[in-house]
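This is the structure, below, for whatever I ask next.
Read from first to last, the chains carry the letters A, B and C; within each, the first residue is number 1.
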Amino acid sequence: MRHLLNMASLSTDEIYSILDQAESFKSGRNWKPSEELFAANLFFEPSTRTKFSFEVAEKKLGLQVLNFEAATSSIQKGETLYDTVKTLEAMGISLVVIRHTEENYYKELIGKTGVSILNAGDGCGHHPTQSLLDLMTIRQEFRSFEGLTIVINGDIRHSRVARSNAETLKRLGANVLFSSPPEWQDETLGNFDYVSIDEAVEIADVMMMLRIQYERHKDNTDRKKTDYLSQYGLTIEREQRMKQGSIIMHPAPVNRDVEIAGELVECERSRIFKQVENGVYVRMAALKRAIKMATKELV
Amino acid sequence: MRHLLNMASLSTDEIYSILDQAESFKSGRNWKPSEELFAANLFFEPSTRTKFSFEVAEKKLGLQVLNFEAATSSIQKGETLYDTVKTLEAMGISLVVIRHTEENYYKELIGKTGVSILNAGDGCGHHPTQSLLDLMTIRQEFRSFEGLTIVINGDIRHSRVARSNAETLKRLGANVLFSSPPEWQDETLGNFDYVSIDEAVEIADVMMMLRIQYERHKDNTDRKKTDYLSQYGLTIEREQRMKQGSIIMHPAPVNRDVEIAGELVECERSRIFKQVENGVYVRMAALKRAIKMATKELV
Amino acid sequence: MRHLLNMASLSTDEIYSILDQAESFKSGRNWKPSEELFAANLFFEPSTRTKFSFEVAEKKLGLQVLNFEAATSSIQKGETLYDTVKTLEAMGISLVVIRHTEENYYKELIGKTGVSILNAGDGCGHHPTQSLLDLMTIRQEFRSFEGLTIVINGDIRHSRVARSNAETLKRLGANVLFSSPPEWQDETLGNFDYVSIDEAVEIADVMMMLRIQYERHKDNTDRKKTDYLSQYGLTIEREQRMKQGSIIMHPAPVNRDVEIAGELVECERSRIFKQVENGVYVRMAALKRAIKMATKELV
């Protein structure tokens, strides 16, 4: 399938193939499609990071880019996502990158449109290019996922990547654990053990911090931010107990001094900005893959 | 005149010349200006469809594109449209595409600026590229407008294209009728007969549905949507009574199951997404015409 | 320093060098960097004029451009400006143009990031490309600044350019005076004399009008607009008393018939739209300078 919707629909070979292509882009090789192609970025939730990353990736591949701002669009006029995407297709757009508040929004699109869909986040569901850039960053560090201990820490319940990262990493051979305050644990995510943050830092090769998704919380009784850091977050004291060679990751934007002490964002163990850098290359690879597969389908 | 403001100011020859050029672009020929040119899209009303269509057209012609979002602009600082356009001209912009809430907004601009104005919709007034893409779609089907029966159906009073489509189609030889609930009829549109929807579907070669422009209605006592479809809209039952070879058009975005049954949007008679496709080529033709005429004026 | 933050940090030689480069661009010479570069425009306040001007300049230099709309960004998620800029750097962006509500916002960035910062306005502080285009316009008229009498008129207290224009023009040899209603005078701007508007028009070579910055006023007890024009603004009667060869400038957008009579905006003495035109060339020069200096730092 030329679409990129979630990690579960990628085979292990496909995952490694995307990572290899991303590394090739990072090493300086480029590739451009043989004809002029249009990509549209449809973001129904605020985002700078992911949208800009896709836009840089698209432009590096020589694509023409259309940016859709939900706030100023005819969606306000009650048009369905299906009609919007069919309209873009009729205009000659080949690739559509979508972030949407609704989980599985893409189910009404697949099989009914000739454009390639790249999911840039759906509700609390999936965010496959984020997962892929996380994998790329871990592989750069440890070469293989086999036997690594990876602790996913924080707001498990509202995270787009907790579930798919956990499943994919387990599939690739890693030992995955969760660490979370009780109210953000999520039993539906499968058979993963929970450990305390204090245990986590001593056993993890990778501390994969999650962003607290305040905007997805339904109540306003959030824990006090400073309490959160000391009880569940990555403090300077805890970072000092981490294993030699272990790393810290975070999808960003970081809530400094909530999930993680501000001083740790750019510490030696941190790969946070490297993740951002890898994101551009992973997205280039995902775009190239969609373009290549669409061409094959036509032949 | 190098501007494209409304259909009335285009001669019949000019209309056919734009349609021919649009067909040439559709057949795969391209054309680019000999020097780098800048186009600006100024949309003072929400729009995805028309703005993206112009943007694709501009980029296919190799133009540099600036997108203006009314919500984040210095128009908020009280600047007149005249001053905005003069400013764009001073920056070196050659072409300005404008959608504005005010009818005839362009009257304060024409003759006072060196930029070419392409009207992308003014209040309840005109939307010439929409009219041109409608013409292109009809001509593809029937080769000529002579003797065709075309029924324009729906929210006549608040439509940007009802009047200019009616007048232009009549000029080109078609027999034009209106069909509308009593409160949306508009006697000022000239000498066109009204027929019921049930009569319309049996005589029309083209059912040209209009979008209900809820956002331009001053009262909130809208008819119940389901009532509207059964009384005045295009139901599946009515579609089945349409003549052989007749087609359905709609400028979109469609209010599914209000103006038209959702199932009909992509039925065999529907040309709705073909209209969208033609829109890009018509706009390329309008842009090329403006560029060519501006060059001649300079010589 | 490759950043462009304020006029005070530019030497006199650097100022003339930017003006010379801008004139070279205006005369039709172009220059493009040897590799693909990305620029991002981050505007945290509404702006059309300055943003479009930078965007045209960037595109004329062949840069890839990302436009950031504060309203739809993850800044809403509480990210700091520092983290945003570091993120852009990690994505491969080289140049960041920033307009921000906070004076000296750039202090937290300088020395901590590899991107080049071009200040497009900070609070009531600085707006160096506006100052440079003002200088370019004056020099085109008078060839030198030496001995010119320049009156800066209007909302001195809330202006981004009053202070830096005054200091820079004095440094370049001009005689600078202020003219302002009492409540908008600003004693902190240094040793400049105030004159009445009636005196000003008779002695000025350049009447440099400021925009009234209603959006930065904390009270709502604004003077009645018509009263302002007759008491402190540039009326037609006052324009007629101006010296032969003297010119009128305004950074725009103009509040017509408040700071200046509407009829004067395009009068013979007015250089208002010429300033806009010069703005593009000055920004091209500032961007080229930043690119060249960044390259040198790397060598």
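In this text, contacts are C-beta pairs under 8 Å (C-beta built on N, C-alpha and C of every residue); 3 or more make two chains touch, one makes a residue touch a chain.
Predicted model, so just to flag it, every value in this text is computed and none were measured.
If touching chains are joined by edges, the resulting network of the protein chains shown connects every chain directly with every other. Different-residue interface: chain A and chain B share under half of the residue numbers found at their contact. Annotation: 40 Å between the Cα-based centres of chain A and chain B.
Residues of chain B in contact with two or more other chains: 67, 69, 71. Within the complex, the chain B residues that touch chain C are 36, 38, 40, 64, 66-69, 71-80, 83-84, 86-93. Per the touch definition, chain C reaches chain B in the complex via residues 43, 46-49, 52-53, 55-56, 59-60, 67, 69-71, 215, 252-256, 265-266, 273-274, 276-277, 279-280.
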